[in-house]
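Chain nomenclature is as follows: A, B, C and D, assigned in order of appearance, with residue numbering initiated at 1 for each chain independently.
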């Protein structure tokens, strides 16, 4: 097991190259937010955009469009009941499940169309539906972000056993291709490439609704921009709780939207030195 | 009579234990906000979430969904005209009445389904409807938050007599089980367990629409997290006006949403020392 | 002619008495904001609420409800196409016309029902409709807030003549009862009780859409709280531009919503010493 | 080629004359924002209003009204599917295309009605539609704001050749009247009056969705207020990236809405000394 420290941020958050454009920083499609849980998709999007993803679209219930744009005009929207396969085909990253509710048709439609070179993040309701229905996972890079109850459902590892690394590894073998597992708890761990990465930041000030939706959005934003994938996931998971810990010095609870609002400023501190911008030629 | 001081905050606001999750801090269901008074339910929710409740849902008129999520994606929503009994069954706290209007069917539906182990907060229109209709109160822990006119209606204590403690106690006996009474006025008092608790903070800068809706939301957030119940109600009532008093040093009026935005920061000051987080094991 | 200075704020903005409640600070009904000009009613409401009015309701197009509550859950809403005469009857102040558009039926309905003891503020489209239609003004305290073009229309004083005080007084005689006239221009003047009051603050950084809607809202908020009426109008008109002038030290344009957000803080500076709050008796 | 420096801001941003009103600072109509890309029109409007345009209207999909007003009540709205020719006739500046999508009928309707004395800014989808359909450009002052891919489509200059000034000038000749070209890239250039103006500020922190929509809105706001046209375009393009560069000292990404929020404050620094306000005569 390795303890995650802010070294992962120094490694992952790279200074952007001058010769780049929004496409360079990835297209992210969020699929989530039913009429009852629309806030989840909004928090996904706030996380992804504020983390620096190039272009973020949200496939959600139309009743969420106004609130999303009131929070974040930077994102684009589409009705998740309609066909959005053209939009899907252009994405580098697809995040599905936050606040989606029991909408199996949407989940199936997305999973069938994911391409091998896309990154698929499975969160919330997507995990629950997968645990209850025989659905084949697509052959692409997978990331799962369950909390303990969701991992019990989909991984079939009882919560009491989730502190045993071997139990979690064993369960992960059942998913092919093997996903990166972000197992959320009060001691969040990331299982990836035969190593368990233990979060050393964060705390119970984060125990409030929407925290996981924001984390899923930040992960989407990081994997859209940064390589390699594993490190991007680790950095996203770390920064989410590191910001919360910082905010908790002055706040009893650290609301999800307050955390994502800090991303641009916190990331700046870790921007690594990269090849300098080419001077402009006169 | 006891004068409430900030000792109640030191006593009630506990440092959160590391081994906890959002469920630890309570599920709150807000039922309120008609098409005309939707802001009341939004202010309820802002109070409850920013006070640190674990999960907050709002059963309201669908026309309020967009504005609620534009203010607070952290909350979940449901149409109060539909059946939400499954959702109700999962709650530790139910707050009904702020901006609800004269919707007797909704009130009855909720009161019939409240369970013995749930905390029920009755505010605004719920109190008015109860004063006008023969409805049996459920057998659970009750909190009532009337302003003087509402207490005159439901308690049948004329405003002129409300300064007499015995008159209020006498009226309270008529409610079974006996509720905690938060009697809002320019000298707000809490009647609980044979003691009157007198607020010593707050002032007329709070005399503006929505102040009571915010208080009801903060009470919901506090009783969802903190024990014992009486102390949680006292602390919520105290902190609402204490923040207003602090803000009033720089503001002529202290808007409800401005008060709730300060909750995480003001609560932090009173976070008591608790058993320390367990160190992470490597 | 008198030059308005901040003496008017010292005189008008009184420390609130402890023995007061939201009803003490007035009920304001805003009637305005068509589907195309909804922002006007929102800016009215932001001005009135942030100035400290006790209770603010907005009769507007239902398509504006969500945005209003996203900005200001403290206000209540009603559909202006429906009958709102019961609501009207409870108001101390009615402000009609900002962004209302050419909706003669609504204007007539309101004017017919205004009561003698209510204050009626006529702004924007209300003034234009009055200039084009033979409608009797109600017998109540009237305030008109035209810009120069609107005053030319309704007062029939050509803009070129509006710098002549006698021309404006002559036109005012035609309105019975004689209104207080807030004649908005780059040198705004208030005509009231045989005296012209000249604004000495403000400037062209205020020349942007919505400035007048915000002023009308602030006037509504002031006359709801403060007496005598003339002084309240003068103080509202003064503070609107005084805040803008203050903000203009750092801002090229001073947006209307930025001005109203400063009201509670700017008013605090002028809160006069009043009889102290009664000490709470133990 | 000339390197743009902040001299252009000192030259263009003039102190406003006292004898002015909102009409003095121009009427801007934004036509954009389909149901899927509504945020684009919102960001246009935020740019134009915060830059100081006198009056800003937005013709867009009605599903965007609530979010626009939640962000910016200062703007007016109209349904772009309805006839808005009366509104168009009153404008000094029309900006069409941001997030418009493939709506040829709306584009045609607008282009047919543009008057000779109006300024027309063509952005985003308008440029794409023009490259795919034989539509005559109106005889008025034109500004085009393509990114490299759009310029390849409409100018038929392959991206690889866009670094050659002669290739771009040659392509521009095909448009009559010859537009001012704002060619957006990581080294944005403005082609106007036989001179290429090279941006020396900005950077890859701007590579995020909505950046161009905000720029288009700021250009609209500047050309509505400032003369001559070319300088106004240059100043708008410069300030957009100059603010981003300033913000990037503390932020990894500089979100579009964060940039436009800084406009009033950044512009203030460059407000030139102008003839002083006339003293008020007593």
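Throughout what follows, a contact is a pair of C-beta atoms (placed from the backbone, for glycine too) under 8 Å apart; a residue touches a chain by one contact, two chains touch by 3 or more.
Going by UniProt, the chains are A, B, C, D = ADP-dependent (S)-NAD(P)H-hydrate dehydratase.
Computed from a prediction, not measured in an experiment: that's the story for all the values here.
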(message) If I list every residue number at the interface of subunit B and subunit C, are over half of them used by both copies, so same, or under half, so different?
(response) different
(request) Using only the C-alpha atoms, find the rotation that maps subunit C onto subunit D and quote its angle between 0 and 180 degrees, to the nearest 5. (result) 90
(message) Suppose each chain is reduced to the average of its Cα coordinates; what separation in Å results between subunit B and subunit C?
(response) 34
(message) Can you work out the whole-Å distance between the CA centroids of subunit A and subunit C?
(response) 48
(request) Indicate the residues of subunit C shared as contacts by at least two other chains. (result) 66-68, 70
(message) For the complex, give me every residue of subunit C touching subunit B.
(response) 13, 16-22, 24-25, 49-56, 62, 65-70, 72-78, 263-265, 267-268, 271, 277, 280, 282
(request) Mind listing the subunit A positions that touch subunit B in their complex? (result) 1, 3, 35-40, 42-43, 46, 63-64, 66-68, 70-71, 99, 147-148, 185-187, 198, 200, 203-205, 207-211, 248, 250-257
